[in-house]
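Below is a structure I'd like to ask you about.
In order of appearance the chains are A, B, C, D, E and F, and numbering begins at 1 in each one.
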Amino acid sequence: MSQRVPIDYGDASAEVRAVFDDIKRSRNVADVNNFWKYLAHDPVTLKRTWESIKEVMAPGALDALTKEMIYLAVSVTNGCGYCIASHNAAARKAGMTDAMFGELMAVVGMANETNRLANGYRVPIDPAFEK
Amino acid sequence: MSQRVPIDYGDASAEVRAVFDDIKRSRNVADVNNFWKYLAHDPVTLKRTWESIKEVMAPGALDALTKEMIYLAVSVTNGCGYCIASHNAAARKAGMTDAMFGELMAVVGMANETNRLANGYRVPIDPAFEK
Amino acid sequence: MSQRVPIDYGDASAEVRAVFDDIKRSRNVADVNNFWKYLAHDPVTLKRTWESIKEVMAPGALDALTKEMIYLAVSVTNGCGYCIASHNAAARKAGMTDAMFGELMAVVGMANETNRLANGYRVPIDPAFEK
Amino acid sequence: MSQRVPIDYGDASAEVRAVFDDIKRSRNVADVNNFWKYLAHDPVTLKRTWESIKEVMAPGALDALTKEMIYLAVSVTNGCGYCIASHNAAARKAGMTDAMFGELMAVVGMANETNRLANGYRVPIDPAFEK
Amino acid sequence: MSQRVPIDYGDASAEVRAVFDDIKRSRNVADVNNFWKYLAHDPVTLKRTWESIKEVMAPGALDALTKEMIYLAVSVTNGCGYCIASHNAAARKAGMTDAMFGELMAVVGMANETNRLANGYRVPIDPAFEK
Amino acid sequence: MSQRVPIDYGDASAEVRAVFDDIKRSRNVADVNNFWKYLAHDPVTLKRTWESIKEVMAPGALDALTKEMIYLAVSVTNGCGYCIASHNAAARKAGMTDAMFGELMAVVGMANETNRLANGYRVPIDPAFEK
């Protein structure tokens, strides 16, 4: 089967269905996103990625919203169109307001700017930061 | 003067000193970091960058700690050594614990991984994310 | 002529046609891809790029399939949509199976994750790696 | 404990030691690399990352050497100094010769070049690649 | 209001209109680009970004065309589709010919190639460059 | 021979020496930079890279200084330490003043910032840019 076709629940193997079921249950959604339907071409990666995401994104020392905004910041920096769309949606669901999104973008923009200023001026690390 | 030499307060122009003074006052520090001492070769960029940073990083819809962690997430994704060191220090100062840093890194790592899985599988954006 | 229009064989200069002919002969294809039709706006770059590609991608110490998968790994990491699509096709043609693609993506994903963990934890290079 | 200190086996918790032991056994090495000693500050990420790496890097449809070279290609593209050093060493151990490394670098270089040419000329994806 | 809808002049606040008016006057255009209409969701970032752009892109030691070409070089390297399209247009308006664009792309491509060769071979910085 | 040792003229093959001689002659320098001494491990890549660089960097529709500044802009964006150092030196030699460097950095920084704002706000390309 070509990798360029999403695998829907009805066409999925038992192994893939088990992951899809866990995603739907954990996220309380009727169907999984395209990301999982494409990863389903490789059931081992599907399972490992889902289990890692579930572990990493669970609230801990950081709450779910903060984690989603960090995810979005990385996706925006990398310019991953799918990831920006899906994690923007996830962050919204977790409580990100328009104002929070606006400030998030402002920080991401500034960080990308000053990262290059630091590179270009070849700024040596201050001894105080090395501790 | 070569751009590869930091400009210390004692050697700075009045224009640069005014910015350095504002940084020291705003951050309550005795001296500014190397980043500013190198940017001082271009007083216009120094002033604009500091004023932008001050505006962007001020607590608003997002608190100072969240902003510093987002900054760090971007810097880690870009692999900017100076920025990782300085914003790790800033995030620590704003209250980032070891546990929070660990979870931040875990999210940044996962986001960089799944960004590439989404790219490689060329996953189309779910219609629900386009709204 | 606007750079946003592909240059087809029929409209190409003799210089461009010579490169197109060599691509068609070397790859045994009826027509060249869009990539070459756009590069044709700059015949010098067209020629240099094609000759470099031909030299670099020829089987040597690494076989053609391995080279195409490495090319794809880079394109996925950079998020270049055109390059992912074209080098996925080229890798398939060179023998990449679904299982190989799946493992390739898994490695690319992990590498992008651990690259950031190494950056974020600022891991110093082990002396053994410096030899 | 500051995150900027590697955690050696002697100072590690039982949880961390279990992972270190598995790395040493799997790789048949006397000690683990700095990467793991720094990740040890976050035992959950340490365990998940090691188990993912072990699964992803095991020979399958692709052999161990091909996987290491793909890992290196990504690390070189991202400019991650630690990762380049450690995966160069790993690829050498898996059998990468000087000639193979040279061709790997040539492909990585060309891919990064043509990724930008495709971006800059805004080349649309050929219909044949969309199947 | 959803962030995924551009804010047109007619629907904009007085604060946003003031920025739009300044953009239209400075650039002598009838309407602002989408970039500004989306940023308008965050009037603070809109204002700061426009004022920074106006300051940074004004002719100084470098003329407007050189600045636009540098902007385009960065956007091509980052693979930002919107930015490539808009700054290509801006560079054309500032006088970039087809031949200049072709050479710009050739340099951007080579720089991305040799950046990775330098990374992969882990070339130490020549002492002469450190002065 | 390990790839981590530069190959000096005295130890180089005739093939490598021919390239080194051409670099020294073309650039009117007494010795070649480390970049070439490391690439010398792969004479084919050494030769191809040098010939491409020589062709691409020759003055044409863009002068040598503009080309060096574009090269530097890309290297700063990618965070390639060696490339930033060497192309900063080359740009200085070609006539880049402190003021020009400052403005170059300001543009590179802004471009990296707005690239992410465009990504994050998912700004659609204005129809006018598609022509």
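In this text, a residue touches a chain if its C-beta (ideal position, glycine included) is under 8 Å from a C-beta of that chain, and two chains touch if they have at least 3 such contacts.
Here the structure is a predicted model, which is why all the values come from computation and not from measurement.
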Any chain touching chain E and chain F at once appears in the list A, B, C, D
Listing by label each chain that touches chain B and chain E gives A, C, D, F
Of all chains, the one whose CA centroid lies most distant from that of chain D is E
Rounded to the nearest Å, the gap between Cα centres of chain B and chain F is 27
So, in whole Å, the Cα centroid of chain A is separated from that of chain F by 34
So, in whole Å, the Cα centroid of chain A is separated from that of chain B by 21
Within chain B, the set of residues that touch 2 or more other chains is 3-4, 41, 44-45, 48-49, 52, 56, 77-81, 85, 88, 99, 102-106, 108-110, 112-115, 117, 119, 121-122, 130
Contact graph of the chains (line, ring, star, complete, other): complete
As the complex stands, chain D meets chain C at residues 3-4, 33-35, 38-39, 41, 45, 49, 52-53, 56-57, 60-62, 66-67, 69-71, 73-75, 77-78, 80-83, 85-89, 97, 99-100, 102-104, 106-115, 117-119, 121-126, 128-130
Counting only contacts in the complex, chain A reaches chain D at residues 2, 4, 44, 48, 52, 55-56, 130-131
Within their complex, chain A touches chain E through residues 79, 98-99, 101-103, 105-106, 109
Chain D residues touching chain E in their complex are 72, 76-77, 79, 81, 84-85, 88, 104-105, 108-110, 112-117, 119-122
The chain E residues in contact with chain A across the complex are 1, 3, 41-42, 44-45, 48-49, 78-80
